[in-house]
Amino acid sequence: MTNEDNAHTLRCDDEGPRSESRRGFLKLAALTGAVVSTTGSRALANGDIGFFAKDLSDEKLINMYRTILRIRWHERTQADQMLTNPDYRGYNHFYAGQEAVATGVCAALRNDGPFDQIDLVYSTHRPSGHAIAKGVDIPKMVAEMDFRATGMNGGYGAEMHISDPSVGFIGADGMVGPGHVTAAGSAFAFRARGSDQVSVAFAGDGTYATPQFHSALNNAKLLDLPFIYVLENNLYHQFAHYSYSCPHKNIADAAAAYGIATEVVDGQDVIQVYNAAKEAVNRARSGGGPTFIEAKTYRYYNHWGAPGAKAGELGAFGYDPLAITSFRPEREVRAWMQRDPVDISRKILVDWGVIDDARAAEIEEEVKAEIASAFEWALSQPLCTPEDGLRHVFAEGTVPARQFG
Amino acid sequence: MAQKSWMYSVLEAVQYEMQQDPAMTWIFELTPPVASTPGKPVINLETEFGRKRVVNTGIDEYWMAATVLGASLAGSKSATYIPYQGALMPFELIQNYASKMRHKTGGVASLPAVWIIEMTGQTPGFAQQHSCYEEDSYYMHIPGVRTVIPSTPYDAKGLMHAALRSPDPVVYLYPAGLRTLTGEVPDEPYEVPLDKAAMRQEGSDLTIVSSGGGMPGVLEAAETLTGEGMSVEVIDLRVLKEMDTETLVNSVAKTKRLLTVDQSYYTLGPGAEVVARVAENVEGARFKRVAFPDAPPPASPEMFTWMRPNAEGIAGAARDLA
Amino acid sequence: MTNEDNAHTLRCDDEGPRSESRRGFLKLAALTGAVVSTTGSRALANGDIGFFAKDLSDEKLINMYRTILRIRWHERTQADQMLTNPDYRGYNHFYAGQEAVATGVCAALRNDGPFDQIDLVYSTHRPSGHAIAKGVDIPKMVAEMDFRATGMNGGYGAEMHISDPSVGFIGADGMVGPGHVTAAGSAFAFRARGSDQVSVAFAGDGTYATPQFHSALNNAKLLDLPFIYVLENNLYHQFAHYSYSCPHKNIADAAAAYGIATEVVDGQDVIQVYNAAKEAVNRARSGGGPTFIEAKTYRYYNHWGAPGAKAGELGAFGYDPLAITSFRPEREVRAWMQRDPVDISRKILVDWGVIDDARAAEIEEEVKAEIASAFEWALSQPLCTPEDGLRHVFAEGTVPARQFG
Amino acid sequence: MAQKSWMYSVLEAVQYEMQQDPAMTWIFELTPPVASTPGKPVINLETEFGRKRVVNTGIDEYWMAATVLGASLAGSKSATYIPYQGALMPFELIQNYASKMRHKTGGVASLPAVWIIEMTGQTPGFAQQHSCYEEDSYYMHIPGVRTVIPSTPYDAKGLMHAALRSPDPVVYLYPAGLRTLTGEVPDEPYEVPLDKAAMRQEGSDLTIVSSGGGMPGVLEAAETLTGEGMSVEVIDLRVLKEMDTETLVNSVAKTKRLLTVDQSYYTLGPGAEVVARVAENVEGARFKRVAFPDAPPPASPEMFTWMRPNAEGIAGAARDLA
C-alpha cells in the first residue's frame, strides 16, 4: 500500500511539449463560453491568472476533444441500439449534453500510474461520461452494460455500478447519497498517508437535498481534505426542477457557506471546466483543502433510457412516459442544444489553430468507428454463467445456493 | 366492485381517508400519487388535495419518514411513499426513534403514521442496489411498528385502510414487482386486519409459507404440485409483525412438513422466524427453506434469474420434503 | 383532530393586564445582557422594535423568574440526591446554567389549551429545563426520573425520554439527530392543516454536525414551515469543543445560508431570549416561515451526572472522569458562572421595579419548598410492576414474555 | 501473557496493526482510543499516531462509516469505533453500499474496512434508545460483510487482528456490557478466525447457543445445570456472518435439544437463524428460544431486569426442554 515515501513524487498530468502560449485567443474563448459567475474565495486579478488551458499541449487539447466525442458517440450508439436492436439488453442514464464537464475535470486529474498515486473519481447513476473521461476501456464498459461475462465488472454490476480502480474510476453508484461522503473518505486517507492524490465526487443537483451533502462538505472543510465536489446542475432531478429541493439559485452558495472555495462554471465549455478543475486540483495537492465546482449543464435525454428519442437523432423530446406530473419543456431542451459541448470544443480548437475543420471531422469519424467496433466486440462477448452469481460476495470462495431448498 | 390495478387499489384507500380527514398529509419523492384504471376516474392526490397537504420532495427519505412521524405526533394522520432506492435511508428513524416512541412515553404519544416502503421489482439487470428485497427482515425485527406486506390488490387496499386507521405506526411494504397485478377490488372502504395471515389454499401433505413478492411463485408451484396429487397448504404471511403464529402452528401440526419461501436473503429472512416458531411448537416436523442466496443480486440476467427462487425451484424443494 | 376551523382562533399567550411600558429600563437591561450579535435578516431600526418584553405583565415576568428558579432548584436538589442519597436511582444531564434559554423561549409559546392549538416543543437528552419551562407537572417528572410507576411516563422513559403532550412537550430524545427533523415534520402538519401552531426544536451545538441538521433546515426553508430551531450553544458536545465539528463561530451562519431568519442571543439573559423567540413566533404564526435562534450559553455541570460536584454547591469542577482526552477548563466554568441566568433575571426584575430584593428572595424560598416537596412526593411513589414492561408496545394489548423460553 | 481488560485487548491489536501499516486510520466519536491495564503501558492511539491518522469527529456516524469505506477503497486499511447511540445511523451505507461493493464491481474493489459497532451495556434505567441490543440481527442479515461478536477479551483481540487483516469488510460488534471482563490475553498478535463458532463446554443432553452479551448468563446457567447433573453443550456463535452451521448441526445431532439465547428481540434474533438451520438439518430435535421480548427495553429497573434473559430463566428453559 501507500506510505509516506511515494507521497512526495508529484507527477505532472500534463507534461510533454508545451505549445506556444495561447493568450491571444483568450478573447475568442471567452466569447464561446464564459464563466457564468464566480463565488466564494475565487478572485482573479486578471483574465489570465487561472487560465490554465493556456499551457496545454495540442495533443492534450485534441485528446479532450476526442474524449467529448467518445462520450457523445457512445451515447448515440447505445441509444440507437436500444431503439433498434431487439436483442440489446443494456440501459443507460444518458450523459449527452454534459460531456464537457466530465472531460474538463478528468483532464486535470492524474489518470494513470500505480493505484496509490492516481486520483480517484466517484461517479453517479449517470456514469458513462465520467468513466470514459477517466479512461476506462470502452469496449469492456460496453460489454459490462450489456451484462457480458467479459465486461469490465464481469457482468455483475452493469451501468449503475461500473467500476475500474486501475484508472482511478471507483465507479458508478445507483444510490444518491452514500457516494459523495465516501469520496471524501478517500480524500481523508490521502491526507492521512501524506499522499498528494485528489478525490473527486461527481454529483447531480439532486444530491443537494441529501443529508450526506452536509456530512461531505462539513467534514471536508473541517479536515481540509483534498476533495473536489463537482456538482453537475442539469436543472432536474428525475422529473423535478431543482428549485423543488433547493433554495439556492447557485448550489455552490451552499458550499461557500462552509467556507469552501467554490466555482460556478459554464458546463458546456470544456476549457472553462478544465480551468476550474485545474485550480481545484492545485489547491488540493498543495494542502489547500476542498473545492466545490458547480457546472451549469443540461442533459439531452430523459432521466432514464431513450423514451422520446429517435434512432439516428440526438436528444429526446416530448413527454417522458415516466414523468406523469411534470416534465421538461421541449423548448428548454432545444435552447440548451444550441450550446452543444461538442460544437463549442471544436470551435475553440479551430479558433486556436490546433486543428482545422477537416481534421475535426476526421477525428469525429475515427471516434465513430472506434465506438462502433467497441459495440461490435462487446455484443459478441459471452453471457454470464449463472452459478457465478455466488462468487465475489467475499474475497474468497462462493456462498451456498439457497433457491432450491 | 371492479377490476383494479394494484396502485389504483392502494390510492383509492388513501384518497378516501384523505377525504375523511382534512388534516391528513401525503409525501412523495419519485412516484406521483396518480393512478388510473379503466372505467374509473383518475386519482391524483396532488391535484385533489393541493400542495400543502401533498408534497413532492427532494432526495431525502429520512426527512420524508421523519415528517410523517412529526405530523403524527402533532395529531395529524400522515403517510409517505418511499421509493425502493431509499428503502433503508430512514431506517434508524423508524427503528430507534419512532418504534420506541409509544413505549418510552408510557403510551402518551400520538402515532397515526404510515410509511409505505417500496421493495424493488427485482428487474433483471438492475443489480445489487436496485434489486434488493431485503428490507422485510430489517423492518420485521423492530418492535412497536406493525409491518405488513400485501400480495394482492384486494389486500393492498384493505391493509391500507387498516394501516391509516390504526393508532399504531405501520410499515407497509410495497413489492413493486406485483404492481402489474390486477384483481376484483370493492369500491367501498374495507379493512384487512393487521394481525392475520391468509390461508391461500388448504392441504394436508405440506405447508408452504411465503409473503409479498414471493407469493406468485408459490401459487404457481402449488398448482403444479396439486396437479401431481400433492395436497398443499399455502399460507401468505401478509403480516410480518406481529406474525400470526397460530395459523402457522396449526397448519404444520397437521401437515408435519414446512417449506418457507423468501425472495430475500436466506440468513434471517422471514422464513427463519417462521421455521423457528413452528419448530418450537410442533414436534416431529420436517423443515426446508427456499430463499435468495446470501449474495447481493447481480446485474446479469443469467446470474440473477438463476438465483431468484422460482416456481420450479419451490416445487422441487417441496417434492424433496414431502 | 384539527381542522381548518379552529386554526383561525389565535390565542394570545401573554394576555392579561399590561403593565406600564418599560422603555425607560431598556438601557439598564442592555447593560445586564445585550444581544451578542445578530446575523441574517434581522435588521431593527431602533432598539425598541422587537423589544417585546416591554409589553409583558408583571405577573408574566415574575413567572419567568420563578421558572428559572424551578429549573435551578430541581437541578440542585437532584444533584444533591445523587451525591448524598444512596437509594436514589435517577440520573440527569444537568441543565443548570442554561435556564434562561428554555424559559425565554417557552414564555413566548402557547402552553395550554387543546392539543390541536398549543405549540409543541421537541427536547434533547438534556430535557429537564425545557420540560419545566413548557409546564410539565414537576412532581410527576421527578417521579419519572426515579423510575416510579406514577411518573409522568409510568417509569417507561426516565430522563432521556420524558414527555407530556398535554402541555405540548413532545419530549426528550436520547438520540442526537432524529428529533429536529421530526419537529419540522410537526410544523409541516400545522401548515398543512392551516393551524397557527408553532413547532420548536431545542438542540445543542452537537447537532450541527448531524446529517439531519441539513434536512431540517433545508425543508423548513423550502416549505416555509412554522418552525423554530433553538440551538443552545454551550460550547461543548460531550467532551469536545464545538470547533471540532463546526467551521462556524456562530452556528447561526449555517442557517442563514439557507435563507432562514437567524438571531444570535445572549442565552444567559431571559429577556433577550424572550425577545428573539417572540419575534420568531410572530413570524411563524403569520406564515413567515422558520427562524433559527442560537443562544450562547454554558452548562455548569459535566456532560452527564454529577461527577466533580459537591452536595449543596452549584456546579462541577475539575476533571470529568468520563472525558479522558479533553475536558473543560475550570476557569472557563467559573467565568461563565459570573453571568448567571438566575442573577441576571433577578436584577432585571428589581431594576424594572417589578419586585424588590426581599420579594425575590421570598420567591426563591417558595420555589425551593415546592421542589423539595416534589422530590418528597416522587420518592415515595410506588416502583413499577415488572410485567408492565410488556405493555405500550402497541396501542392495545401486551406482547408475550420470551425471556423464560 | 497477562490479565488484560477487554478494551486494552482490543486496542493492543489495533495499535499493532497501525504500527505495521502507516496508512491505517482510526476514527472515533465519544470513546477515545485510550486504554490501560495494570503493569502495561497506557495505549493512546491519538497521541501515538497523531491527529492526521486518528480523528475525533462530530456527531455523524454515517460519515464515520463512509470515511472508513472511502479510505479502504483508496487502499488504506481503516477502522472506526461507532458508539451504541449511533449504531444504526450508518446502517444504509453498510447495508446497501459497502456490502455490495465487491459483488457489484465483479471483485475489483479494495475493502479493508472495519466498523466496530458498540452494543449497549443494557444499563438498567437507560431505556429504549440507550438499551437496545438489536443491531446484531440487522448486520447479520447483510451479505458481503463479515459480522463478528466476541464474548471474551481473548476473542476480542484475536478477532480484531483477523478483522483488520481481512480483505473483507467486517462489522465487529462490541457488547459494551462485557467491557468489565478481564482475561488472560497474549501480548503477541494472533488471529481468531472469522468463520468459526467456539465450543465453550461439551455435553450430550442439551445444546445452548448464544453470543456476545448473552454468554455470561449462559455460562452461569450451564454451571448450575451441570451441578444438577445435566450434560450441557455450550456454543458461542462468535461469528454471525457467515454462521458456522456445521458446529451447530453436529452438536444438536448429538443432543437433540437446542436452546438459543438472545439478549435482543425474539422475532428474528440470531436464535431464529440458529433454530432454522438446525431444524432443516436435524430431524426429531426439540427447540426453544429465550430472548428479550418484542418490546423496547423500558427504563424502570424493575421492568427491565425482569425482561432481560438471565441465568435463572435460561436454566429454567433448559430444564423444560431436557
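Order as written gives the chain letters A, B, C and D; numbering starts at 1 within each chain.
Note that contacts are C-beta pairs under 8 Å (C-beta built on N, C-alpha and C of every residue); 3 or more make two chains touch, one makes a residue touch a chain.
Here the structure is a predicted model, which is why all the values come from computation and not from measurement.
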| item | value |
| --- | --- |
| Most distant chain from chain C, judged by the mean position of its C-alpha atoms | A |
| Approximate Å spacing (C-alpha centroids) for the pair chain A, chain D | 41 |
| Distance between chain centroids, defined by C-alpha means - chain A, chain C (Å) | 47 |
| Distance from chain D to chain C - Cα centre to Cα centre, in angstrom | 38 |
| Touching two or more other chains - residue numbers and ranges from chain A | 155-157, 161, 173, 175, 177, 209, 211-212, 215, 218, 222, 244-246, 393, 399 |
| Residues of chain B touching at least two other chains | 57-58, 60, 62-63, 89, 92, 96-97, 103-104, 127-129, 143-144, 242, 288-289, 293-296, 298-299 |
| Pairwise touch network: line, ring, star, complete, or other | complete |
| Complex contact set, residues of chain D against chain A | 21-23, 25, 52-53, 55, 57-58, 60, 62-63, 66-71, 73-78, 92-93, 96-97, 102-111, 143-144, 146, 166-168, 242 |
| Residues on chain A engaged by chain D in the complex (per definition of touch) | 1-4, 115-116, 120, 151-157, 161, 163-166, 170-171, 173, 175, 177-179, 181-194, 197, 199, 211-212, 215-216, 218-219, 222-223, 391-395, 399 |
| Touch list for chain A against partner chain B, complex | 89, 91, 147, 149, 155-158, 160-161, 173-177, 206-211, 237-240, 244-246, 324-325, 383-390, 393, 399-405 |
| List of chain B residues in touch with chain D within their complex | 88-89, 91-92, 95-97, 99-100, 103-104, 127-129, 132, 134, 137-138, 140-144, 241-243, 265, 267-273, 275-276, 279-280, 283-284, 286-289, 293-296, 298-299 |
| Footprint of chain A on chain B - complex, ascending | 30, 32, 34, 44, 46, 56-60, 62-63, 85, 89, 125-130, 259, 266, 288-310, 313-314, 316-318, 320-321 |
